[in-house]
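Same chain, two partners: chain A is paired with chain B first, then with chain C.
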Partner chain A sequence: MNALGAAALGAALLTSIYALVAAVVGARSGDRRWVDSSRRAFYALMALLVLAVISLEAAFLRSDFSVRLVADHSSTTTPTLYKVTAMWGSQAGSLLLWAFVLSIAGSAALFATRHSHREVAPWATAVMAAIATFFVGMMMAGIVFPDAETYPFATFAAGMVPVEGAGLTPLLRHPAMAIHPPMLYSGYVFFTIPFAFAIGALITRRLDASWIRSTRRFALIAWVFLSIGLALGAFWSYAELGWGGYWAWDPVENAALMPWLVGTAFIHSIMVQERRGMLKMWNVSLIVATFALSLLGTFLVRSGVLQSIHAFGESKVGLPLLVLIATVLIGSTLLIISRADSLRSERRIDSLLSREAMFLLNNLLFVGLAVIVFWGTFFPLISEAFTGQESSLAAPWYNRYTTPVGIGLLLLAGVGPLVAWRRVSVSALRRMFALPLAAALAAGVLIVAIGGGGSEPLALALFVAGAFTLAAVGQELWRGTLARRALTGEGFPSSLGGLMSRNRRRYGGYIVHIGIALLLIGIAASSSFQTSRDVRLLPGESATVGDYTVTYVEPTSQAVGSEQKLVFGAVLDVRRDGEQVAVMRPSREYFSSRTADPTAPLRGFFEGEATSEVGRSGGVTRDLWTAMQPDLTSFEPIIEEGDEKFERFAAGIDFDDPAQVQLLANLQGEAILGLGQRYLDETPPADIRFNVNPFVIWVWIGGIVGTLGALFALWPGAESRRRRVGDVYATRLARELRRT
Partner chain B sequence: MANASACDNPARMNPAKKRQIRLVVALSTAVLLAVALIYTSFSAANDAIEPSQLIENPNGTYDVTGKVAMDSVERSELLRFEITNRDGSDGVPVEYEGQIPDPFREGREVIITGALDDSGTLIAEKDSLVTKCPSKFKEEYGDDPNIEYEE
Partner chain C sequence: MELALAILIIAAVAAFVAVPFRRGADGEATATVSTADPAMADLEARKQAKYREIRDAELDHAQGKLGEAEFARQNAELRAEAIEILRRIDELAGESAGDGAAERGGAGTAGD
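Then we have the complex of A and B:
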């Protein structure tokens, strides 16, 4: 099975090289046979990579430790779901995932455009094949350079096969984390499609909006994937990490946020080109930037460059990725400059009060935000290069810039839909803005009246902007529905449904705006008005956090042999005004892992491979969140004593005798159970973090609403059906004309 | 078309000049933002230093890298310990509140962010304590005597 995957990957390299050559020959000569052949080669590439992925997944599911990747990232005790997802926990596996998703997305794009874009599509095929060649080539290069760990099918020599694998890092054993990486990667990869077609359009100078029309759906799919990936990452951080937040401006988070920001700008600005023939150069530049940032996202996570410039030298995939990014940037820039004459706008902006001007402003803010995040992310490198001292920027620095820009964008999410294309008259302006402005004012007054926001002017500004945008979008939906009802005489719900499904792209976008408004309101409320306290409690003791009284009722302990896991927990009784509001059970899970010192089977549990199981009790207005960590200082002497005993015992054991090895394992199990019992009998104090996070649920609701809105916009609606019928006629007509 | 829309525009100013002004405004905004970013990031960033350097430069917030001194850890609501250079010299007392990473032990290398107060104690920022991994037991299957192999 492994040989099959290895053979498929080798064939994939040849196939992608062939697709590249055939596409270039076809594009230059105009010979359709070469073009068709390159497209089919790309389909074949997909089939081969599917085969490679299946064969690798089979190795994971069968726990075939003769495959290095399986031994390094999975184990027989790993739950089945995480065996499947362990593939992308590794470097080689994530490269395979990249190429795999690219082959699927590219095949879909080539299939969709097989009858159109006769000039652009061959070059787009060439670009996609080149990128696929790069990723598959990097994997195959791992055969020659085994240290690089890029070849997914590397095996151990006979006799060197371990009986058990290292397992998946416990922190990543969370459902959100299982699907988070493929979501992000799919997001990155789907941006390849509009990028490839943009390059094709540049080379052939077909720079009208047709490349946008046929690939904007892929950009939107990429956006949905990236959004889901970001949201899952945030949720994982909130539910699994013991610090209580969902966003930390961590470089790895930023790496995914940057392509999202520029990609969002792109999705907006292409509407201006489709509608008004403007911003052509801006749009090709944005998609180049988005794609380069997607590659950068992969690079940042995989190269370790942000730990230090020096760590970069140790990574074997960093340099090739950097060369690819540089090639993409330099090549695209030269191409854009050489096509500058074809990229002139067909029109100019008539008025600063027009939809296109709002789109432009929105774009500047999104790109500005990306620049801020980029600077902050790379600041450790910049400062190390300039001052010789590595220094880093913390969340307050980011917040200082991102909050005002975020407020501006939120306002624009409401203003944009209200403003017409070309120009708005003052009277129309007054009519459109009256209600949203009144809503914003009312919200501001209300929030100040109930005593919120006075101390947090930025949060207050964000709430006001949120109210404005929600009212503005609501008003648009309301007016549209009324107009349609007057026209068709239908009831209100079916008028609303009819209105929205007639222009899915527009109204899907409005739903996304609603989602973003909810999300930002949730972020502002939960970060500005959080109550957080760290307390140290023994069983029976209580502490007051805000309006709540938290009592440590009793300790809990559990040992799970199959997962090599020891759980210490606490039962907390939470009361408000004497009335019980929740019973929470936070715990700390300690995992034995092979990355710890193998000569210390007990200490190995407490050396950092621990995860927090957070206690949560959610509501519409507030989340109670708690994490605990027992202070195990008092356990240290007995853990050390136990490990010494083990060492002495293990020294006299014959490892060839399975019975004696089993005995050793049993002893370890008993010692662990003993520790669990001791935790219940002589419970050490626990450090408990108790947070009251207002409105945090709206962050998730906003994320879900936004995603649904984008899916609504993506769903093939009446317009695209009409267009498809038109395409078929056009193709048929072209065929007839050729015949005559 | 371009002409028609320009005629609609009741522009009192020459359009080319207007564009120039817009360009200048946009460019200066971008330059201002860039300067602000550069200035604030260099002033807001914390340099990474060792305790001995901290003693020499007692003002300002730093990311201090050092070792946790033996027999110095005291846990209550606050975590108190002493951080020293890697060779054990130049101890600085630390007061910290927040999450304590599991591998935190005496003798381990840690990074913590904070500023010295008047008494010479490093008052650390909440949740800023990071413990470096004690050592990396990277699985070298061929060399490790503790791993069994299939025949």
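Then we have the complex of A and C:
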């Protein structure tokens, strides 16, 4: 099976090179046979990479440790889910994932456009094939440069195959982390499609909106994947990392946020080109920037160039990725400059009070936000280059600059839907803005009255902007439904359903706006009004955190042999006004070091990786969150004494005798269980962080609503319905044409 | 083993990607007939986009975002653009039908 995967990957490299050459020959000569052949080559590339992925996954599922990747990132005791997902926990596996998703997305795009874009599609094929060649080539280069660890099918020499694998990094053993990387990568990769067609349109000077119409759906799919990836990463951070938040402005988080921001700007601005023939140069520039930032996202995870919790991804593929990013940026910029005459807008903005003007403003804010995040992310490198000292910017810096821009964007999410295309009269503006402004004012007064906001003006502004947007979108739905009901005579629910399903793009977008408003309200509330306290408690002791009394009831301990894991935890009783509101069980998990000395098994647990399992009790208005870390200083002498005994014992055994080795393993197990019992009998104090995070659940609800809105806008059924409606319009238009 | 598999796979891929070159006369005929497709597909896409604009303008008007005068102006403009697209679709369809008839006539003559 491994041989099949290796052969498929080798053939994939030749196939992607052929697809590139055939597409260029076909594009230059106009010979359709070459173009069709290149498209078929791309389909074949997909089949080959599917074969390669299946082969590698089979090796993980079989725990075939002759494959280095499997031995390094899995083990016989790794749960099946994490065996499947371990592939993208590795560098070579994530390169394979990139190429694999690209081949699927590219094949779908080429299939969808097989009867259109006769001039643009061959060049788009060439671009996609070139990128696929880069990634498959990087993997194959691992054969020649084994230190780069990019070849996924590298094997151990006969006789050197380990009997057990190292297992997956403990931090990644979380369901959100199983899905998070492929979601992010799919987001990055799907942006390749509009980028490739934009380059094709630039080369052929076919710069009307047709390339946008054909690739808009792929940009939206990319946006959905990236949104899900970001949300899962934030949830993992909240539920798995013991610091108490969901967004740390970590470089790799930022790396995924930047293409999301510029991609969101692109998804808005292409509507202006579709309708008004404007912003052509801006749109091609945005998609080039989005794609370059997607590559940068891959680069930041894989290069280890910036300090990050994602440092496990450090590798030697950073330089080739940087060269690719530079090539994309320089090549695209030169192409855009050379086509400047064809990129002139067909029209000008009629009025600053128009939807296109709002889109332009929204774009400037999105790009501005991306620039702020970019500056903050790369500040360590910039400061090092100029001062020789590396210094980084922390969360307060980001919050200071991003919050005002976020408020502006949230307001625009409400203003945009209220304003018509081309121009809107002052009287219509008054009519449309009255209710949302009243709702915003009422929300502001109410929040100040209940004492939530006076001390946090930016949070108050976010609440007010959120109320404005929710009211604006609600009004849109209400008025639209009434208008449809007047036209059709249907009931309110049918009218609402009909309105939305007939205008999926518009109302799908508005649902996304609702989601974003909820998400930002959740962020403002949970970050500005959080109550947090770090306490040190022994069993039986209590502490007060805000309105809550937290009591350390009893310690817990568990040894999980299959995962080489020792868990020390606490049971916490949480009360408010004397009434129990939650029982929480945070714990600290210690994983035996992969390189643990068998003669020092106890210390091996505390020198390996440790993770927090946080305790959470959620609600609509607040989330109780807690993490704990026992102070094991008092255990040091016991650990040292135990390991010394083991060392003495191990010195006298014959490691070639399975019975003696088994005896040692049994003794180690008993010692670890004894350590767990000691924790229960002589419980050391625990450092406990207890947070009360108001409205944090709305961050997740907002993310889900936004994603559902985007899926609603994407839903393919809309197209066929639209065609039927179109026929009605065609008849009507034809009749009017005959009359005039 | 690996090399043999690779050769086998490459042979299968080569056969698959070479199909357009092996189609010969049939393939050329197909290519000729489908020449108009991309232009037609583009016009169809533009028609759908224009219809969407008309529907949006109607909805904006019904919701009170567009006054009567502005709506009348925009509506007339959008419909004129839609009609122009329909006219071009008809022209293209006519050309394709004409080309097809000419080919059928040519084939008949040759057959005669």
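The definition used in the following text is that the second predicted complex is superposed on the first by the 701 of 740 C-alpha atoms of A that agree within 3 Å, B and C clash if a C-alpha of one lies under 4 Å from a C-alpha of the other, contacts with A are read in each partner's own complex, and residues count from 1 in each chain.
We take it that a residue touches a chain if its C-beta (ideal position, glycine included) is under 8 Å from a C-beta of that chain, and two chains touch if they have at least 3 such contacts.
It should be emphasised that the depicted structure is a prediction, and the values quoted were computed from it without experimental measurement.
**Student:** Overlaying on chain A: chain B and chain C, fit or clash?
**Tutor:** These partners fit in the superposed model.
**Student:** Contact-wise, after the overlay, does A:137 reach chain B, chain C, both or neither (first, second, both, neither)?
**Tutor:** Neither partner.
**Student:** Is A:618 in contact with chain B, with chain C, with both, or with neither (first, second, both, neither)?
**Tutor:** In the superposition, A:618 touches no partner, neither chain B nor chain C.
**Student:** Given the touch rule stated above, what does A:476 touch, chain B (first), chain C (second), both, or neither?
**Tutor:** A:476 contacts chain C only, not chain B.
**Student:** Taking CA centres after the superposition, what's the angle at chain A between the directions to chain B and chain C, given in steps of 10 degrees?
**Tutor:** Roughly 140 degrees separate the directions to chain B and chain C.
**Student:** Using the superposition on chain A described above, determine whether A:503 touches chain B (first), chain C (second), both, or neither.
**Tutor:** So A:503 only meets chain C here.
**Student:** With both complexes superposed on chain A, which partner does A:421 reach: first (chain B), second (chain C), both or neither?
**Tutor:** second
**Student:** Just to confirm the geometry: in the superposition, how small does the C-alpha gap between chain B and chain C get, in angstrom?
**Tutor:** 10
**Student:** For chain A, what residues appear in both contact lists, the one with chain B and the one with chain C?
**Tutor:** Dual-contact residues (chain A): 422.
**Student:** Which residues of chain B touch chain A once you look at their complex with the stated criterion?
**Tutor:** That would be residues 1-2, 5-6, 8-9, 15, 26, 33, 37-38, 40-42, 44-49, 63, 73, 75-77, 97-103, 113, 127, 131, 133-134, 136-139, 141-142, 144, 146-151 of chain B.
**Student:** Which residues of chain A touch chain C in their complex?
**Tutor:** So the residues of chain A in touch with chain C come to 3-4, 6-8, 10-11, 14-15, 18, 22, 32-34, 36-38, 40-41, 43-44, 48, 115-118, 209-210, 213-214, 274-275, 418-425, 427-428, 431-432, 476, 479-480, 483-484, 486-487, 502-503, 505-506, 722-723, 725-726, 729-730, 733-734, 736-737.
**Student:** What residues on chain C touch chain A, complex-wise?
**Tutor:** So the residues of chain C touching chain A come out as 1-3, 5-6, 8-10, 13, 16-21, 23, 27, 31, 34, 37-38, 41-42, 45-49, 51-57, 59-60, 62-67, 70, 74, 79, 82-83, 86.
**Student:** Inside the complex, what are the residues of chain A that reach chain B?
**Tutor:** 65, 71-72, 156, 159-163, 166, 242-243, 346-348, 350-351, 364, 368, 371-372, 375-376, 379, 383, 387, 389-394, 396-397, 400-401, 422, 534-536, 590, 594-599, 606-610, 629, 631, 633, 655, 661, 687, 689
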